[in-house]
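Both complexes below contain subunit A, partnered by subunit B and then by subunit C.
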Partner chain A sequence: MLASTFPSYPLEQVALDELLGVIRAERALWAPHTGADGHCRLQPMGEGSLPRVAITAFLPLKKLLLPPREEIWSFRSGEYCTAQVPQAFAVVGVPLCDLQAVWYLDQAFADDLPYQARRAQALLVGMACVPGPECRCDGLSMPLAGDLFVDQERVWALSPAGQALLRACGCQVSQEMPLSWPVAVTGKRHALTQKQFFSTTEAAIWTDEAKRCLSCGACSAVCPTCYCFDMLDAAALDGSVTRHRIWDNCFFAEHGKVAGDYDFRPGRANRLRFRMEHKRFGFGALRGQNSCVGCGRCRKVCPVDIDLDQIAERLDGEGGS
Partner chain B sequence: MNHALLPIPAVIDTIDRSVINNHIFTLRPEQSIELVPGQFVEISIPGVGSFPVSPCDLVREGLISSCIRRTGRVTEALYYLEEGDLIGMRGPFGNGFPLSMFTGQDALLIAGGLGMAPMRALLKALLDNGQTGRIILLYGSRQPETLLFRDELVSLAGHSRVDVRFSVDFAEILPGPCGDVLCRIGLVTELLADLDFNPRKTVSAVCGPPALYRCVLEELALMGLPPAKIFATLERRMRCGIGECCHCVAGGRYICKDGPVFSLEALRGMAEAI
Partner chain C sequence: MKFKTPIKLAWHRFTSCSGCQLTLVNCEASMTALSAVVELHDFALVSSALGNSEVIDVALVEGSLTSPSEVKRLLALRRKAGLLVAVGACALTGGVNVMVKGERRRAMESIYGKPGTEWDTFPPQPVHHFVKVDWQIPGCPPEQHELLEMIAAILHGGWPGRQVMPVCMECRINENRCLLEEDHAPCLGPITRAGCHALCPGIGVPCEGCRGVVAEANQDELCRLFFAAGLSEQDIRHRLERFGEVL
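And then the complex of A and B:
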């Protein structure tokens, strides 16, 4: 749902420490934490009070919802066994753009049992953020997932679970209000139509950008809505086997290969275009939904400064030619 | 929601080793899996990996047969297994051939190489239901020795409704007419040249390596077959089979879920599909 308003409570009604206590009693708690190396990571949160500001962690929530290496099944004594359901956990201090990304993953993995099992165990608490120069979020571009959102003045219940938590902490009278999306976002995402994109498949920009692109895949790895995966088996000495789902990457040379080594996306230009097609227009049932939430991670991480919005701008210019 | 990524145990029932490196593995999954020709299953070899494969026969008494080429790491491992060994299988995945479209029509089936395997399942379905008019099968292979299901196809050629023609890329000695079956040296598309058929009353299915699609699909359209009645089944390295992992995507569509069978009409709008 692209609900514009949610039940909201003034902060003075909400005892945040009590709320944190209720969450902590039932769940392992995760939060973004900036380490001595200057990088922000999602990591288990120790003692202490609720953070009040969201930070864009280097790796987004997919690190927990679609882990880099996740057991899918094991094979023991001739039987295939499902992986154990993970324990309940909560993530606090999530920026709104990342909650949009979770909505997108929820759609992409709607029929995926391991994902949904993990997702059902997650309580997500969004916080107001301080937008950086890379930020290009847009509250209207996509619905969002999550349970609670906290800014400097109010708390919103985004889900029935969030509502129940607030009620448990004594909050009674709510008011339907829009979320406070960051207002200081300066960067604008370039709108590009499918028609423009597909009429420029031969455009020189693809080969230009591909000359710089290192195919390192960092942009996909940090992207909150990139979800390519592969399967990998690990055999143990006792004869049991565990199949893992591991992150894959559409920039990697093997991604479009089929038996007999035929490759449907042989060059970096093909692969760059493939990724941009996914980001801008989605695949399968999500076709037509822009999946970029504007978090800016890809621009920050790219070692050669490739920016999909700049590509969009150039394609727009070349569209007619 | 079922766990579509979890295989069910399957026992290797028989292995037909008639054609080198193209053995036919018949598997018995613990629970039966229903498949339409053109749909596929993922076969898992625990500890090695999995691969997608389309059966080469209709499912009979719970048995699923696939002609599996020894071509990669996982299929290589399969060739070390024996009858009675336990592996895994999940599926069915994909859409399969639109069998109802062949009713009351003639069928022009074109297969190249290992593409004959899924084509054989379609051929059997069409013969079984008896609703299709004439069936023409054009089948190209590398050499006479690598023709799959050769004896069976030769004996089918005696069938009044079926017209079978082979082509091979090379042959030291031209096998000559194999029974009633014409065999030529050349490309499978060359068999189309002197073929007498009614394009307005024909539905076509094509299955083969990527190179085959690029030359044959549009040629069929030029011969007068409507693009909505020309079908191809695409090959990709599908990891999941359920439209998630993104390896098989072309033209924004998951080939494992929306396909793998597409009409030429659909393929024309799918960049990098063929």
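And then the complex of A and C:
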């Protein structure tokens, strides 16, 4: 269900410092932090007050919900041990696009125990952002996850947990209000249809763009809804073995390799198309669901400036021809 | 292939700097655990015990091959070793030794003087040109954890699992700033096998490709980027050939 309104409170009724104190008492706090190199990263937050503006961090929330290297179990002294349940944490200063991405991950990993264990420990506080030149979000076209959202005028409770927090801080009478949504300065994401996409599988643009693609995997690594993973067992000298889940990437030659060295997705053009298909139309139970939240990370990191949105526009031009 | 613990281990160095064996010797925290599962049979850097055992379970080989006597020693080692592992860039591709180009006699003379011209040597070759290699550990030097995990996997009768991906992936995971994209630096990250946790780019040094090239690498486009960034064709060639992989 795509909720368009949430219970909200005028900002002057919410004691933000008190709210932060309540959150901090129970959880490790993470926030976007812009380093000396100009890059913003999600980092443990020290003392200080709540940030008031969301910043798109280098790596999105999947860094914490689906870590790049996550222990699943270990086998030691003849026994299997499941990994420890992570501690409760909160992330503040999350842009709305990243909250939409978490909604998508929540669906894709609905039956995934390690993901759900981490997710259950997470409190997500969204904030209004200032869209940058790479941003292509298109408002509430996708549901969003999260617990609270703060802009310059109001605070919204996005979940029962968020509502409980606000009540604990003395907020009583809420008003159902639509979320304020940033207006992307460079326009919305191009709305490619499945028909356009599947009628252009042989379009020259795929081989053209693939010639430039370095297969470095940066776009997928920083994408908030790219979630491919691999399993890796590592043995230790004491005889124990630990299984890790690690990020995988559809641009890597090994990604489509199966038994007998058969590759069901050979070549860069296929891999590029595969990523576009996943971003725009999903797979499995999520077929038909867009997963590109328009955060712009992929076009920002690509060393050869490949832009899925520009490809979508060009496919639109070629559609049906 | 599963061996009785402790496994009989040998380390042979050919033409190289000993940096690979030092990497294992520097695993201080794992030395006690290592000594419980490994029996050294030939490892000149750490033990004076001579290598005259008839059977070796695991032979680790470092360095490139540059003379007939080295080849003879390698063949003898392969005959008595259950498994042979090539360790480091020199063993895998010839490594930096391959940079010596041109007329060999003249090169030898310029470095070693007249006596050098009499020595029986040939251009550096990787180990797999002469013997079957059961496993490879890349890097200049290799990563400690890859050496230890391989020995641990052999104890279980297998090889370690590993994921083949470029350095860029580890660099993005570490949230390093991109030297290629932001500085137009000649970073070989997009085409180089990861596993080093993007050590060099992480401290601002462009990747030099010491771990070898990933499968299906797009060298053409990377060269075009380097060229656009102002590198000459010769600079680019030198950079790509530094670790012996002629592209």
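Simple rule for what comes next: the second predicted complex is superposed on the first by the 319 of 321 C-alpha atoms of A that agree within 3 Å, B and C clash if a C-alpha of one lies under 4 Å from a C-alpha of the other, contacts with A are read in each partner's own complex, and residues count from 1 in each chain.
Convention: a contact is a pair of C-beta atoms (placed from the backbone, for glycine too) under 8 Å apart; a residue touches a chain by one contact, two chains touch by 3 or more.
Just so you know, these numbers come straight off a predicted model, no measurement behind them.
Look at A:188: by the touch rule set out above, it reaches neither subunit B nor subunit C. Contacts of A:217 after superposition: subunit C is touched, whereas subunit B is not reached.
Once the two complexes are overlaid on the shared chain, A:248 sits against subunit B and subunit C alike.
Of the two partner chains, neither subunit B nor subunit C is touched by A:167. By the touch criterion defined above, A:238 lies against subunit C but remains apart from subunit B after alignment on the C-alpha atoms of chain A. In the superposition on chain A, A:230 makes contact with both subunit B and subunit C.
In the superposition on chain A, subunit A positions 230-233, 235, 241, 248 are in contact with subunit B in one complex as well as with subunit C in the other. Here subunit A touches subunit B in the complex through residues 72-73, 75, 78-80, 82, 108-109, 111-114, 116, 198, 201, 227-233, 235, 241, 243, 245, 248, 250, 255-260, 262, 264-265, 270, 274, 277-278, 281-285, 287, going by the rule given at the top. The touching residues of subunit C, when paired with subunit A in their complex, are 30, 33-34, 36-37, 148-149, 151-153, 155-156, 160-166, 168-169, 172-173, 175, 177-178, 180-181, 189-191, 214-218, 220-222, 225. By the touch rule above, subunit B contacts subunit A in their complex via residues 1-9, 44, 46-51, 69, 71-72, 75, 86, 88, 209-210, 235-237, 239-240, 242-247, 249-250, 252-254, 257-258, 271-272. Here subunit A touches subunit C in the complex through residues 37-39, 41, 58-59, 68, 211-218, 221-222, 230-239, 241, 246-249, 252-254, 268, 301-304, going by the rule given at the top.
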